[in-house]
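In what follows, chain A forms one complex with chain B and a second complex with chain C.
Take a look at the complex of A and B:
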């Protein structure tokens, strides 16, 4: 664990001590090396238990894929930000990279925490660098509103979580994730227990986001710069899912009573946000709403608490992280050239950038859950386990899958096919850096097809 | 608060405060350096105004008020827009309206219209004579006029707003009457054929038919006349501009009053096979300066539409169009310049009747009826060489030259219409034509070197009448990639680059 954590901590002073010429190459190189070393975690010596364990941190098959995703994403974020940060003053560039690295440190500590309270503290800590990135480097004045929504939605959800966790500590004596699955805490349907359950879950449901409390997500994703969008979509949403998975093991059997409204909201959200996607004019907004849609399915899978549900949720989280981040990077390549996020004004791009069109194609197919990509594996597992619980859900999830395919194809056809307007005939050609970025997103996704057990969690 | 005042008054009447004044007033010096309590430093008096301002501040900060901690000029354009239209005349607002009408979903494109002059005092739109005709020599112009006339006849279907008064353009369908001399009669016949083929309802009249139809005309020197039977006449330009503006704003277009002072663009330097340097420019931001202020806002945009009319060349210069070596494309300046034209309002009670068309003599002098009280407006296009002997009028201001009327316009008017021998000029104004010095026709389309600037200017006197159709054409060009209803590709930049003018022979 320290093999990864200490180098990541050292990434914090790195940008401040590097000369200007080597700033971006060195931060990229070092974060890439850390990402490659982190692949070592995939070798779980014990199938269900904890590996690399020490009193504060540890990894287990649930947190390993998310940790690797986090480590993998940092070099990608640095690669994506290079172009739009180039005209900024040097100290601001250094601050930016330090913020990304500090976010990385908090995320690694969050996913590897063995104490739920440490996870909570890191969960809250990630809000600060993200807020700074959104409000300082966003592009329009709406970013202030976006930052406010982002901060206060998450904070309002997570303060009850703090109370609930302290209560849990008081009543069971421990908050260590190694012990909480074996807690003898039988929650009844009394009001206090219901409130306790809600307090534990609301923070993560807001973070996922669940459909009713999802308003912060489109704002934050659209107004954030590319690195902010990438980390938000790929990892920060998964913090909510991961937290839910960890805490739900202690909340039996009340979950069986309490989950009804949340599953319904999640599944209804899949359809609703999918339909909203079909009407979007802003490219980033469409991808943001599709994130809500996919995470609604993940929330359904976690709440259902079956092995297939959990497995499907984890696979979908990893696959969605890579695919969504890839789509945001593609949208950013558009934005950097045309300076507008409107889809109507950047059409027919296949004519002028055919290789980028192939990346658009793959990312859109990943988004619509094409077999054999892991997106489909995750979705099928979740849909099957939901169907097993209640046949009625197949109507909602089936319609949701259909709409997902609809808007993913809409996204692809709108940007790539169609008449090429005259004002984008002379766009600057694709940079090699952009192709590298897309390859680093989509090749791991394609490689997971070969061994999905890597990302399947406890029940591989 | 009033109780304090009463308390003070009571204290003063009790002699407590007076005591203080006595202490300071009668030679008693306080230990500080002679500063006494002046009435205007009175804390209690100001307390009330402090409370009032605090209450006002609290009321402002309540939800429902638009107070924000950051001082923002409400007129500033947004930091990010999709399309910035430079120029808020009728062409600019028409383009904005059609863009909003053609977007597929609500809020599809964010359009900002930037207009320099909130009073529209120098804008060509409102200073125009307001005529619409199909009698052009170029098929594209005829089609544009036909489409615009159709739009304006059904204007409430297009620009009507629920719960507001219907738009009344005061469209007088009186037709245009062109008169040709002997040497130009064959041109008029050719034009007539073109117009009929395009679908315009025009008819040719011989001098006798002319005299029969309009007895007040003296037909000496007229060989042939062309009279428009339908879709020709005049209307109120200000009403059309405001109808477009109101409807576009109701559909979500953002209006900004400011002047475009520069662009931030990315330049790609490319070397051709012959080792010539070509600079392809892409506009990233438009700098809009606020009126009467040094404050400016860079608006990040995807594309810019130049609908600045007579001042389009200034906008084009900011992008370096015309600044390159003279034998390259970059060295061709944008060929639109302002030309001043005068319009004189005359009162002639014995003049031609209510069915007077828009009469244009072969010498270039024109007049039309204005209103119902025997007023007429007249002017002259100095395109014909006899009128242009003194050169073009100075375009530094909009001062009217009354000598021009006395010397050039009135004699010809009086010759053509004997009733005009006695008239009185009641008023006059001047306006700019956005005159295309190359071939007096519009320039519509993208510039080859500035990849995301669309031009919709250079109409040389017939911009107002083409504005609805031009708006639709540019919106199709932007959103559909190509012209759909009317093919106006002949009016693009290609003819300027290849130096092949497409002259419009019927310029008024």
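Take a look at the complex of A and C:
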């Protein structure tokens, strides 16, 4: 664990000590080496238990894929930010990279924490660098509103979690994730227990986000710069899913009564946000709402608490992280050329940038859950376990899948096909850096097809 | 006037000029000329920007900017009327209760069947 954590901590002083010419290459190489070393976590030496264990941190098959995704995303974020940070003064570029690295440290500590309270502290700590990135480096004046929504939705949801966790600590004496699955709490349906259950879950449901409390997500995703959008879509949403998975093992059997409103909100949210996607004119807003839609399905899978539900949720989280981040990078390539997020303005791009069109194609196909990509594997498992839970969910999830395919194709056709606008004359060709970025996003996604057991969590 | 088309090289005779034909008043003709002048000015500005070889950015279209802003900020202009309240209730509130009722009765029915022993619970490796 320290083999990864100490190099990541060293990423904090790195930008301040390197000369200007080597700033971006060195931070990129350093974070890429950390990402490659993190792959050794995939070798889980004990089948369902914790490996690389020390008194504070450990990895198990649930947190390993998320940790590797986090470590993989940092070089991609640095690669994506290089262009739009180029005109800024040097110290601001260094601050930016330091912020990204500090976010990375908090995320690694969060996913590898064995005490739920440490996870909570890191969960809150990730809010601060993200808030700074959104409000300082966002591009429109709505970024202030976006930062406020982001911060206060998540904080308001997570303060009850603190109370609930302290209560759990007092009543059972420990909050270690190694012990909480074996807590025998046998919660009843009394009001206090219901409030306690809600307190544990609401923070993660707001973060996921659940449909009713999802308003922060489109704002934050749209107003954030590219690195902020990437880390938000790929990893920060998964913090909510991971937290839910960890804490739900202690909350039986009350979950069986309490989960109805949340499953209903999640599944209805899949359809509603999918329909909103079909009406969007803003490119990043469409991708943000599609994130809400996929996460609604993940929330449904986790709340069901069956093996396939959990497995499907984890696979979909990883696959969605990569695919959504890829789509945001593609939207950023458009934005850097036209400085506008309107989809109408950047149509017919297949004619002028055909190789980028192939990346758009693959990313859109990943978004609409094309087999054999892991997006489909996750969705199929969640949909099957929901069907086992109750037959009528198939109506909602089936319609949701249909609408997902609809808006993913709409996204592809709107940006790539169609008439090229005649007044846009100065679109620079795709940089190699952008192609590298897209390849690094989509190749791991395609490679997971070969061994989905890597990202399947406990029940591989 | 219906089927008259312009000859390619000749000008239109005075009696077929729309202002004369429809017998418009001098004020209307002046207003039309002013509007035509404004349109020509806007078109000239657009053409200058379009054909400028050193232009690297988009031509800013204020109508597009207004439209994008309007699409992005629906909530500030929202006013609850009968129609919007009905749509909101129909799509946002009623389905939640309908779905709650559906799932609850389905799950309770399954629970009763399990308790009565009538549900055939076959062994399933994955669930």
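Side notes on the structure shown:
We adopt the following convention: the second predicted complex is superposed on the first by the 458 of 460 C-alpha atoms of A that agree within 3 Å, B and C clash if a C-alpha of one lies under 4 Å from a C-alpha of the other, contacts with A are read in each partner's own complex, and residues count from 1 in each chain.
Rule of thumb we're sticking to: contacts are C-beta pairs under 8 Å (C-beta built on N, C-alpha and C of every residue); 3 or more make two chains touch, one makes a residue touch a chain.
Keep in mind that this is a model prediction, so the values were computed, not measured.
Once the two complexes are overlaid through chain A, chain B and chain C clash, as defined at the top of the document. In the superposition on chain A, no contact is made by A:20 with either chain B or chain C.
When both complexes are overlaid on chain A, the residue A:339 reaches chain B and chain C alike. Within the superposed three-chain model, A:426 lies in touch with chain B and with chain C [touch as defined at top]. In the superposition on chain A, A:43 makes contact with neither chain B nor chain C.
In the superposition on chain A, A:347 contacts chain B only, with no contact to chain C. Ranked by how many residues of chain A each touches, chain B and chain C are led by C.
Looking at the shared chain after the overlay, A:390 reaches chain C, while chain B stays out of its contact range.
Stretch 275-283 is the one among 59-67, 239-247, 275-283 or 329-337 where chain B clashes with chain C after the superposition on chain A. Overlap of the chain B and chain C interfaces on chain A comprises residues 281, 338-340, 342, 344-345, 423-426.
Here chain A touches chain C in the complex through residues 142, 260-261, 263-265, 267-268, 272, 281-282, 285, 306-308, 338-340, 342, 344-345, 385, 388-393, 396, 423-426, going by the rule given at the top. Of all residues in chain B, only 78-80, 82-83, 103-105, 107-110, 266, 268, 280, 282, 284-285, 300-303, 445-446, 451-454, 477-482 touch chain A in the complex they form. The part of chain A that touches chain B in the complex is made up of residues 139-141, 279-281, 338-340, 342, 344-348, 418-428.
Considering their complex, residues 50, 55-59, 64, 68, 71-72, 91-92, 95-96, 99-100, 102-104, 106-107, 126-127 of chain C touch chain A.
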